[in-house]
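Chains here go by letter, A, B and C, matching the order in which they are written, and residues are numbered from 1 within each.
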Amino acid sequence: MKQLVVLGGKGGTGKTTVVAALAQLMATEGRLVLADADVDAPNLGLLLAPEVLYGERFVGGSEAVIDETACIGCGTCQDVCRYDAVLATDGVYTVDAIACEGCAACHYACPAGCIDMEPAESGEWYRSMTRLGDLVHARLFAGQENSGKLVSLVRHQAQVLAQDRDARWVLIDGSPGIGCPVIAAVTGADLALMVAEPTVSGQHDLDRVLGVAAHFRVPAAVVINKGDINPGRSAEIEAYCRERDLPMLGVLPYDDAAMAAMRQGRTVTEASDGPLAQALRGLWAVLKPMLGQ
Amino acid sequence: MKIAVSSTAPGAEAQVSPIFGRCNCFVVVDTETQAVASLANPALGASGGAGIQSAQYIVQQGVQAVISGNVGPNAMQVLNAAGVDVYAATGGTVAEVVAALQAGQLEALTGPSVAKDFGKGGPMGGMGGGRGMGGGMGRGRGL
Amino acid sequence: MRLVIASGKGGTGKTLVATSLALVAAERATGSDALPALLDADVEAPNVALFVRAEVSETVAVERLVPVVNAALCTHCGRCAEVCQFNAIAALPTQTLVFAELCHGCGSCALQCPAGAITEEPQPMGRVTLGQAAGLRLGEGELQVGEAMATPVIRALKHEAQRRGWDGEALTIIDAPPGTACPVIEALRGADAALLVTEPTPFGLHDLRMAVEVARDVLGLPVGVAINRDDGGDGSVAAYCAQEGLPVLLRLPLEREIAAAYSDGQPLVTALPRYRPTFEAALDALLALAEEARP
């Protein structure tokens, strides 16, 4: 079982479009398990119409709750809190649940012992069936933290499922950025495919996300999306990859088929046989041997 | 010798788990008395640092060796620091892998066998890894 | 006055909108007005500086505190590992290991150590860069590669800007990170209004709903919407806005020229001045939305 994670550094480079197409191409050849690790903006499900088979609440951490009746109003909790999460209004101390980091410093420091740590439900995760195979996905409730933990959970569940199903591939749709959810999505993967955009910001962010993959010793390869929007920058990214001995797997063209397919809830390779669909087939052809199969 | 095996379920007939930090269970086998104890993994629901917490727990059980499918770098560092030897086993039951270890058939792991699950480490950052104190980091306790 | 440009999904055009709004605001500020500020709070992928080149005047390191155990004083009681909610400490029989990468810097271990064996030391996790471009103050937060937590860098960026009195009477525009998790909350906290940038696709609608949940429902901010890459093909975003009573303050068409200008790092109002009135109107509408909600 090989795990491929698709990342972009910057948001909106076309990760999910690429993941959905690769999933469709993989599914014609063998069993795969999909994992949507973009728990902040889980969009893969919108294309694959998943039938949810199992769902579970996700407890991301805990948050402090002050028992007002036992509080002696000493303010120690406010003094020890480094997240400005303890509020005092007319001598009554309360916790701002959104600001609370769940560190429990106040719980241990309270001389009256009136602060409890209560589990905070911060999302849900699901195991679903789609026309392309199993999908593990999740949703973080608005404004919640610990998305890295939720991504780890999604990854873990996808791995377990892949072992059960004897799947050939786990395909992971990563999240933008370089922070905890990305670190959780990339670690332990066999290959990270970077979907880069030929823009000044796309180049900058590609560099940073490649740094994360290198840091966690995950081999990386690059594909450029919408290369024809700016051929000059596209060529710069290709040169950048050559300099660093990074496999450049191709340039995907700008194609209205991407948006049209998205609106129909289909993958590009299902909805079209145009230039983008063909380029995606070409991508899979070079990617597959890199996954050792 | 006391050996802890990361496992998918309790008991000597359970399968060895491919993971360490978030495995379901640890089965501790005492090779002298043949006693078998199954322990729930306290780190199963940890938000982060599951490997560290489970490794600390295993060290507290006074074991001399660990057998697991894989061990992440954080857990490995804790086990190394405590002088616990770590061995890789790709499959089999707890009883089988303990027998394999006694027969000298298991590969000793000296570095992490999987990338760490979460957080920073490795050669680039210069912040990775634990800051040890006291005691030696020595390994190599014989079987 | 603080306006935040955010979006549930990445790549919808937050930075494009934020830079052009800020440049329009800068043109308007007359001599006596304090300069408007543009803060790049997308610290995992800070891109504003690629569009608005600033003269950097100052760089401030963002650090976090991590515990250091004094071996001579440690009694190996294990209290530090017990109180740490993040499993960043392993207390072994003869040594105590600290895993700095998991530490949230809460200080609880140092407070609780009965032997006084734990001190805290700063470790770099990112930086804040402050500078100035024509008529505009610029601040950027940048998370160091490999660091997991963006929120403290965003907090530091806001703090540094505030400390220099950038906030006061002048306008501050914040380019937020994408998504709806904790870093976004930190960017939105204390704002007077939020402009949520989306695109007219099923993905755009889905992620807009999540962003509205955060900005309006959780934080109670006045919210307006910007629809980018509008090709007239999908009315569901506009229909959702109408149904929710969310004003659409800005619409940008799906145009290759816009994408090309963006790809070369040119702010839209500079590359295509015909869009200047569009941004002026959007800025006015956003300011009015914020004013209206003020007590």
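Here is the rule we use: a contact is a pair of C-beta atoms (placed from the backbone, for glycine too) under 8 Å apart; a residue touches a chain by one contact, two chains touch by 3 or more.
Remember, predicted model here, so these are calculated numbers, not experimental data.
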Is the C-beta contact count larger for A-C or for A-B? A-C
Whose Cα centre is nearest the centre of all Cα atoms in view? A
Using CA atom averages as chain centres, what separation in Å is found between chain B and chain C? 40
Taking the mean of the CA coordinates per chain, how far is chain A from chain C in Å? 19
Based only on mean CA positions, could you tell me how far chain A sits from chain B in angstrom? 29
Two or more partner chains touched - positions in chain A: 61, 148, 180, 183, 211, 215
Mark out which residues of chain C touch at least two other chains, giving numbers and ranges. 85-86, 145-148
Multi-chain contacts in chain B: which residues touch at least two other chains? 47-48, 118-120, 122, 124-125
What part of chain C is in contact with chain A in the complex they form? 8-12, 15, 44-45, 47, 50-51, 83, 85-86, 104-108, 111-112, 143, 145-151, 177-185, 201-203, 206-207, 210, 213-214, 217-219, 231, 233-234, 256, 259-260, 262-265
Chain A residues touching chain B - in the complex, by the definition given at the top: 59-61, 146, 148-149, 152, 156, 163, 180, 183-184, 187-188, 211, 214-218
Considering only the defined contacts, which chain B positions touch chain A in the complex? 18, 22, 45, 47-48, 114-120, 122, 124-125
Going by the contact rule at the top, pick out the chain C residues touching chain B in the complex. 68-71, 74, 76, 81, 85-102, 123, 145-148
Which part of chain B faces chain C closely enough to touch in the complex? 43, 46-50, 52-53, 55-56, 59, 74, 77-78, 81-82, 118-122, 124-125, 127-135
